[in-house]
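Multiple structures follow.
Two complexes, one shared chain (chain A), two partners (chain B, chain C).
Coming up: the complex of A and B.
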């Protein structure tokens, strides 16, 4: 079931009225889980469609490709899910990802003289960059939650700062493969797999699972839903919503940083102009999966489905023979609109059912 | 947003040190060569901080001795600071500015014509000796350019036409327009690719943004070359919009769809290098040859490392350096030529292969192209 504000224990009133009619019960169950079933339907439809119209879609190699392509987006999407569930937004994730990626490469490729000691962090630069990314998220969160700057504006400003810092660190140049830690390249390269699954997919899956556990089974996760669902009510219940918002934005910064470093490893270089599409891809995947832009509804399971929709759609369109390159983007957009329409219809059905219950 | 200020920016200060160091090295080597080598010649004559190359050139009769005492102030409005090609151009402009005693300040349009227009309008309200712009798109910046030209400030256009209509642009009030030959670049490097794969087989053509005039020229050049190689089958022309991530994802998918592909032609080396990582991951580096356009240091090194087969010079440094020279010679009235600066200057460059890549890295590091 798609997650939302914690439900009262026990079955809803409507369910207690046993109808005895299996069809109605199935319909009611589906309506109540519409937020998850609608994107799942889209996913299945796309899967079947591309299986039929291309001859390589169903190959193992192609699935490995999809996994490695959506890996970095999946990691960033986890953080964005936290933020959207809080009814906030983080526009800075793409720039933070880019900055973190180039910072990790910059630290790896340089050493500093301090008090007569040569400081060379090497691969540990990855850890420093991750901490910096989390720090940026924390800064976002502090200014949003405690100073009162709207998240849209604060993260928009941070977008510019992080992009500028990436350019400052690299002077606009791409840092080559020799600057990128080999471990990062090995981790993100599509060719490196464990039991057939690209490492980058395993990393993404781990982040998805941890995020789901935090959101579904911890007090903090429950507070996130409460904060996004009804902030005043949450505060009256004793939830420190400011802290929740701040920490959610910190999580988003951290996961954006991880995603940026994975991109760096995947591309075997650190590009200060890279990662520009990450923001749109991430938010699109999360919303496509059924997580609400207005907070309190959705979750990592939805995000996972949204990521698969996004990945399969992008991959599948590249595999269709004879599809005009001038129409490909338009077709992708049309399919996305179709998927969103399905989501909206399903949500209406859910509301009707909720009222009936 | 200004991205460089040679006098105020601490990074630029560091760069000044770097340039001074480089000049010292050049002095030791006694380097004298080429058009841009004039700057190096000046260096051999003892250029230091606060002492311009122009005065050094004057001392050997290459420039008049009654050089203007003032230091000039020039602005360059760039299309996207966070790109390898532009950043090299910015550094080159700063380098020549440092040699000639010009305070060169670069502005970053961040890829948006509206940003550039605002920057040009702001520049028009200040005092600059000359201005150079690399437009994000044609026709969008005319108002800002008009305001600057109306003040009598020499206005130089780099890389992309300010006005789409060629005839109208040739009559416009700019000092000069310095442009690479995109068609030539496309056809030259495509021929290198086709030769490398034996003149036949499947080839993927990965384009930049389709609306970009540079991408259109590079596509036209590629198609010209394809017409002379009947054995070449172009199987895909999907644009990756100059983005490495898009090129990477696209090539993962296309290698699935076309497992027998033998070559890839890219409108930029950055996209080619992103695809190269994918090709290597798939273990196809011996089967698939890749070429790109721009020929900057990263591509030269990749050619030496057998990661790319070839590239072609898109002379960012010569375009930016040429803009600074043209502006300086005009405002200082020290142009050696009998004719005024022509309205159009072609900045071209040849193919880069393993046989000449090391030399181009050296030239690149010394802002010679």
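Coming up: the complex of A and C.
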């Protein structure tokens, strides 16, 4: 991060001009991209650190491990990126993920009598579950954007509702592997690879790429950034900011649902009480990547780096011998604090730069 | 000058204005030879001012004359570069607002400093909640005492109500209550009436007179000269950082005050007539915007106006005259209660800025913060309003940057770099960016609210030239400003708004600054 810190301005002109110009330009480039450079540096540092400290870290096998571990988190992180860019929050993603995973298994394992026909959706239940997840997100979005409930409160309430529904659907039981669609299990298991990359990594990458295209190259994406950058200004520029916020929360619900189903696939069962750590992991990854908690800045590229940081960290900590597994949990929280710190610092850096210009 | 006016010369050191009635009591407060410089500009130049016990002293002057600066010096916000303050004959120096407050000087700014989420009682007691023996806040005492304190001032408000729920006028009364309750003997009201409706202003005056009757001294700053004449015992006029006159308000006319504010000496006269202009004969093009009987309770009433294609209609009024509210109504932020709005002959009722934007209405707000994205690139700022028209569902940045680049050139943004962050530009250039935003698609109606306020001369000229260019292209332009010079210099027709109503229309005739102020 050190390279982003601007030096005191007002160096005397003249003999120092030439070198100062170049220095200034580098400085400016660095601080303009502070949001990408800081996390990138962190990533490289961690990579080098774990490579040196452990012998297992630097191996194909371990990287495949990392990828399949962060796959579901990566999918959910895409939606959270939309929401944070809008300067909102979604606390419900973990329980929406759990509910969706459970629901897909429930639909898979049951059939219904309807108009005299036996309906067995089978693996297509996954589609229904995904639509339900998007619907939950849409509901969040509607209440936040059009009714005016702060997203913090609304999604907190939805956290409870979705968790309750997951319990209700399963009557509190863990649905066994037999009721999890085999396709999901195949997709999510670390052993299934294409060109050495676990399927789940490819799925995550696809979701990341689609999200990046939407955020960087569509009008909707631009509206997301501008709404988060200055809500009032966006509105006064003719942007339908309410719709933007609503749809962003819908995206978050949808990706949370996908993540939840990938989880059931990876664990080979659907546990209504599982998956609670997804929320903190996702937000940690996104914020570690440098996306602003205050909206408008960052993006999927940041999230991608954040995911790698997060994945390497939790994987690397496991590899260090003698580190208690319980301490690891606390460490995850500490890392999040570090990420928040980074976030605030980056913001301050930009302010300094803005004043210097 | 045969009126009882004390003119202070430029060369003589200022001993402070003499009291017109020598028999009156010793001044409670005297400011002598006060000067204050901000950077290169003199905000106050050897100004004297005094305040008698139990007096309401009006303080007037054009925007930027130095009124607020003088009051900020009095209340310890700024320290004077030169000059001194004497309170009850004793020289004082206030290092901070808290010190001034402790000596009984209470300020009420236009932007209220009360807390909207707290109750009235809590606001009255702000920062000094009474506690009971257990050290907890004594709510009951707080309610009773604050209600009693307000009642004494003739203010009847439910003290358990949250302040944010009250009208602006009531909030202002609570603020006065708080200041009085905190023990202030000198109460400064900086433009308190600009945002108040008629009855609310009346109530405020009653409270102010009540305070005078209880021996408090008040300084009352307002653009509404009738209000000043109605409520003040004496009036002091500032002009261009200097003290011009102090006089009893008895028998003084509004016209006379305007003369003093603008000036009638040789140079000022030349300036004033230079500032005046002869409006051109009205154009006969098709009306683009027609408002009839537009009203919104508490904001504006019975507003009717027409703007034709290729015409600039200027509206002059002071802060709180309702111009911004009319603009916001046109732009879909507010819903009118009655009346009709027509655009190119068709009745419109824009329900949101988005709807208004689609209709071809562009609105440059008075507050740049509300329209700029400082941390985003200039080109993203510019293309936002009409992104639909510029790009397909998936777009390419180079073509977008090219569109923004041509508008950057047209509006003269410097540096002419569309990929720079907008927050890195100077204020004037930021304003150009905000204007450029509305030119990616030619608007039918362009509403400009204070388009050049706070800009340097060069940037101002460029923006005004661009506006004239748009007029030549047939855009209907509604120009709202609290600066009479801007309205006079740029308009084809001029309307004056005051307290929510259009009070005068000037067309095809000679018009000058004092005439505008006469009707505002």
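Criterion: the second predicted complex is superposed on the first by the 311 of 357 C-alpha atoms of A that agree within 3 Å, B and C clash if a C-alpha of one lies under 4 Å from a C-alpha of the other, contacts with A are read in each partner's own complex, and residues count from 1 in each chain.
In this text, a residue touches a chain if its C-beta (ideal position, glycine included) is under 8 Å from a C-beta of that chain, and two chains touch if they have at least 3 such contacts.
Predicted model only: the values in this text are computed from it and were never measured.
Superimposing the complexes on chain A yields a three-chain arrangement in which chain B and chain C fit side by side.
The partner that reaches more residues of chain A, of the two candidates chain B and chain C, is B.
In the superposed model, A:190 lies in contact with chain B only, and not with chain C.
Contacts of A:272 after superposition: chain B is touched, whereas chain C is not reached. After superposition on chain A, the vertex angle at the CA centre of chain A, spanning the CA centres of chain B and chain C, is 120 degrees to the nearest 10.
Once the two complexes are overlaid on the shared chain, A:167 sits against chain B while remaining clear of chain C.
Look at A:332: by the touch rule set out above, it reaches neither chain B nor chain C.
Legend: residue contacts after superposition of the two complexes on their common chain; A:321 is shown touching chain B, with no touch to chain C.
Remark: least CA distance from chain B to chain C after fitting both complexes onto chain A is 26 Å.
Those residues of chain B whose C-beta lies close enough to touch chain A in the complex are 1, 3, 11, 80-84, 86-88, 90-91, 108, 210, 236-239, 243-246, 248-250, 252-254, 256-257, 270, 273-274, 277-278, 280-283, 298, 301. Interface residues of chain C, counted against chain A in their complex, comprise 331, 333, 352-354, 356-358, 363, 365, 369-376, 380, 384-388, 391, 393-396, 421, 423-424, 437. Across the complex, chain B is touched by residues 54, 56, 59, 61-62, 65, 68-69, 163-164, 166-168, 170-174, 176-177, 189-192, 263, 266-269, 271-277, 314-315, 318-319, 321, 325-326, 328 of chain A. Of all residues in chain A, only 32, 213, 217-219, 222-223, 225-226, 229-230, 232-240, 296-297, 350, 353-354, 357 touch chain C in the complex they form.
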